[in-house]
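Same chain, two partners: chain A is paired with chain B first, then with chain C.
On to the complex of A and B.
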């Protein structure tokens, strides 16, 4: 008897080949039959008439590391159809990590990924140090599959100590020790190594990975080559020339050690209109040489939401604001209410009386419904003040509870992004899911791919879009047994309506530990999500108690 | 194996290398002060950090001025 029988679906199998109609049978966590008419019987039947049946989506750039320890389903990613996540990106992972280095790593996560204290502090029992023990802690605990990267920064801290890791080059002995440690991680199931060339810690000091000389990363890439595993990096994405230099470095490592590499993000923006074109030229040349250097491109435009409760990414280029917003709440409220500090902030945001920087910000949530949807430019004019002053005043009026939206800050032109994500050299990813949770919702990029670039823009066919986030992702990362609907493979399956799948509206939610706030988007048009043959979410029944997720490479 | 088009040249720091040593390696034969000043001009991204000019092992250091280039890729829309 089958465990699950999905009838009458439009099967899009993840290869990019044309869809076909048929049934799918699942037994023992595996795809028993794909296509044809199955007679059953089955313990559970799903009528997929009018719906697409596809492999579960794979998200290659997430920061669900901590969240998975207190939220087995990585909500709301799972309900969007995501059945496998790569975590440990950008040089940061929860293992390998000595207990004494946990506070430092948590501080880096908080600074870089805007994770609140509550996501770590007391939210889960941190009982592992080695990568193998971390993998063991995930077993039986998660509802979706995890393909974890080992982070370069904790790797350095383990071998060199926390202080030395952020100070100097590693010695040859230390590099050998890091190689051994990385080998242990890969043996335990790490899908690769992540490193960062841009990130800063809680003191705005470069993270440990940035102190590594090329010899160190070369030695670590040699270990990746023993296993054919991935090197992921965050390049200086704000500067095209440096990004091109990173592409060349990655290509050399890829060719020398026979490894796949990926860098994220690659953005399109009006500020650097030649960026994507120049980077793709170079990536194409490197692929011609036989290197594998995959640029990750996100589907969604860059929008940032914030309130003044937190030091949002939005203020990173305004140090006076950023440092004020990092203050403890009482001090922050006093500072914002202090006439001298207030004027200093206004002057910093509006130098020479130029009020453009905040004028476009829209009020997205307020107790005063008449403000919602209006921009600060017009509100300020009405109040005979400036947008920066209005931002402070509105926030203080509601005890910092007003939320603002800075929309379309880049990567927002569908006529450019559509062809870009359809490009064969582009890896669809870079969602950053689970990070920056108080600046924007990092969920639903897959739904947005279908709604914006399949249905609306026709830049990709349905089959092409599915392949981009399933079979192609598994192939690029070397994730075995997933990404396709093929008999015998793991039964990760999503059933969705191709006419309605989309991302929901962004909204603030207070569902973090200790009632913490984050921005989320619910799924639209997804019907059923199956992981390793078990029902994990359905539109009718919501989340189930099943915990079928595995560590994909273990 | 396909040929690569020429790109802006760069180096990465050697362990314990400072700006004078790097300038000597990258721009041999040039007076040290002038070479450092050139490198500074071509690598402003390293001088907007705190402390300015501190070298990290992973840094990309350009050893020539930016080139005037445009992308050839025409896959993007308008």
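On to the complex of A and C.
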């Protein structure tokens, strides 16, 4: 008897080949049969008529590290159809890590992920130090699969000590010790090593990985070469020329050690319009040489968010505003409350009564839930005032605590982003899911891929889009047994409506430990999510208690 | 001898959702390059250049930029 029978689906198998109609049978956590008409019987049947049946999506750039320890489903990623996540990105992983280094690593995570103290402090029992014990801690605990990277920063801390790791280059003996430690991680199931040339700790001091000389990276890449594993890098993405130099460096490591490499982020902006094309040209040249240097590109646009607590550069074109916001807090509050200054600010932002500049700004977070998600144009109209006045008044009402959002400020032009993510050299990823949680929602990029670039822009076919986030991802990362719908492979399956799959609206949620806040987006158009043959989420029933996730490479 | 100068400075969205300032520098041989500054570095650059708005930075020597970059 089959465990699950999915009937009458439009099967998109992750290879990019044309979809076909048929049934799928699942037994013992595996795909028993793909295609044809199955007679059953089955313990559970799903009618997929009119819906797509695809491999579970794989997210190659997440920060689901601490969160997985108290949220087995990595909500809301799972309900978007994500069945495998790569964590431990950007040089930071929860292992290998000595107990005495935990406070320091937690501080770094808080800086990068914006996780509250409570997410680490008492939210889970930290029982491991070695990577093998971390992998053991994940077993039986998670609802989706985890493909963990070993972080370069904790690797350095383990070998050199916390202080020295963040101070200097490693000695030859220390490099050899790091090689041995990385070997242990890869043996235990790590899918590679992550490092960063950009990230900062809580004191805005470079994270340990940034103190490594090339000899250290080269030596660690040699160990990756023994296993054919991935090197993930955050390059100096704020400068095109330095990024090009990193692409060349990654290519040399790839060729020398026979490893795949990937870097992120790479994103488009009207202010640096040639950035992406120059980087992609160089990536293409290096692929021609036989190197593997995969740029990860996100699907979603980039927003700018701010409150009046700090002087955001968003206001730099308005000197009166920018100078006021740069004042010490007490003077700033007095100035914003002063009728003359207030009127001067309004006049500067709305010359001649033109209220367009701030009308599109949305309230991202407020103590008044009825304001969240609404734009200042609407709110101003309701209050018989102007958007600039509403911006000031709302901020003063909540002691400058109200957050505003200017949407789609970068990476937002579908005519540029569509062809980019369809490019064969581009690895769709960089969602950063689980990071920046108090600034914006990093969930639903997969739904956005289908709604924006398949249905609306026609930049990718349905099959191409599915391949980009399933079979191709598994191939790039060397994740065995997943990413395709093929008999005998692991039964990670998502059923969705191709006409409605999308990301929901961004909203604040207070679902972190001790009621901490983050931004989330629910899924739209996803019907069923199956991991290793077990139902983990459905539109009708929500999340289940199943914990079928495994460490994908262990 | 005049050195490289700031050619342009514009606000852009950063990877983390914060606004950043992209400063373009033109070298004497005509080559251009850009540097991205966070809010703190941008504020110090404006102060060092006695500039009120980003457009006031045009024509300023790049030494001001070097002075505010993290070391």
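To be clear about the criterion, the second predicted complex is superposed on the first by the 460 of 554 C-alpha atoms of A that agree within 3 Å, B and C clash if a C-alpha of one lies under 4 Å from a C-alpha of the other, contacts with A are read in each partner's own complex, and residues count from 1 in each chain.
One rule holds for everything that comes next: a residue touches a chain if its C-beta (ideal position, glycine included) is under 8 Å from a C-beta of that chain, and two chains touch if they have at least 3 such contacts.
Quick caveat, the model's predicted, so the values are computed rather than measured.
Chemist: More residues of chain A are touched by which chain, chain B or chain C?
Modeler: B
Chemist: Quick check on the superposed pair: does A:145 touch chain B, chain C, both, or neither? Answer first, second, both or neither.
Modeler: In the superposed model, A:145 contacts neither chain B nor chain C.
Chemist: Answer with first, second, both or neither: which of chain B and chain C does A:237 touch in the superposed model?
Modeler: Second partner only.
Chemist: Between chain B (first) and chain C (second), which, if any, makes contact with A:324: first, second, both or neither?
Modeler: The answer is neither, since A:324 touches no partner chain.
Chemist: Which partner does A:304 contact after superposing on A: first (chain B), second (chain C), both, neither?
Modeler: second
Chemist: Just chain B (first), just chain C (second), both, or neither: which does A:375 touch?
Modeler: A:375: touches no partner chain.
Chemist: Going by the contact rule set out at the top, does A:179 touch chain B (first), chain C (second), both, or neither?
Modeler: neither
Chemist: After the superposition on A, what does A:265 contact: first (chain B), second (chain C), both or neither?
Modeler: In the superposed model, A:265 contacts chain C only, not chain B.
Chemist: Which of the two partners, first being chain B and second being chain C, lies in contact with A:418: first, second, both, or neither?
Modeler: Touch partner of A:418: chain B, not chain C.
Chemist: Both chain B and chain C touch chain A; at which residues?
Modeler: In chain A, residues 239, 241 are touched by chain B and also by chain C.
Chemist: What residues of chain C sit close enough to touch chain A in their complex?
Modeler: Touching chain A from chain C are residues 10-22, 33-36, 39, 42-43, 46, 52-54.
Chemist: Over in the complex, which chain A residues touch chain C? Could you list them?
Modeler: Of all residues in chain A, those touching chain C are 237-241, 265, 267, 269-272, 302-306, 310-314, 316-317, 319, 322-323, 326, 409-411, 436, 439-440.
Chemist: Any idea which chain A residues touch chain B in the complex?
Modeler: So the residues of chain A touching chain B come out as 168-169, 195, 197, 204, 206, 209-217, 236, 239, 241-242, 244-246, 248, 268, 274, 276-282, 284-286, 288-290, 413, 415-416, 418-420, 423.
Chemist: What residues of chain B sit close enough to touch chain A in their complex?
Modeler: Against chain A, chain B makes touches at 1-2, 4-5, 7-8, 10, 12-16, 45, 49-50, 56-58, 60, 62, 66, 69-78.
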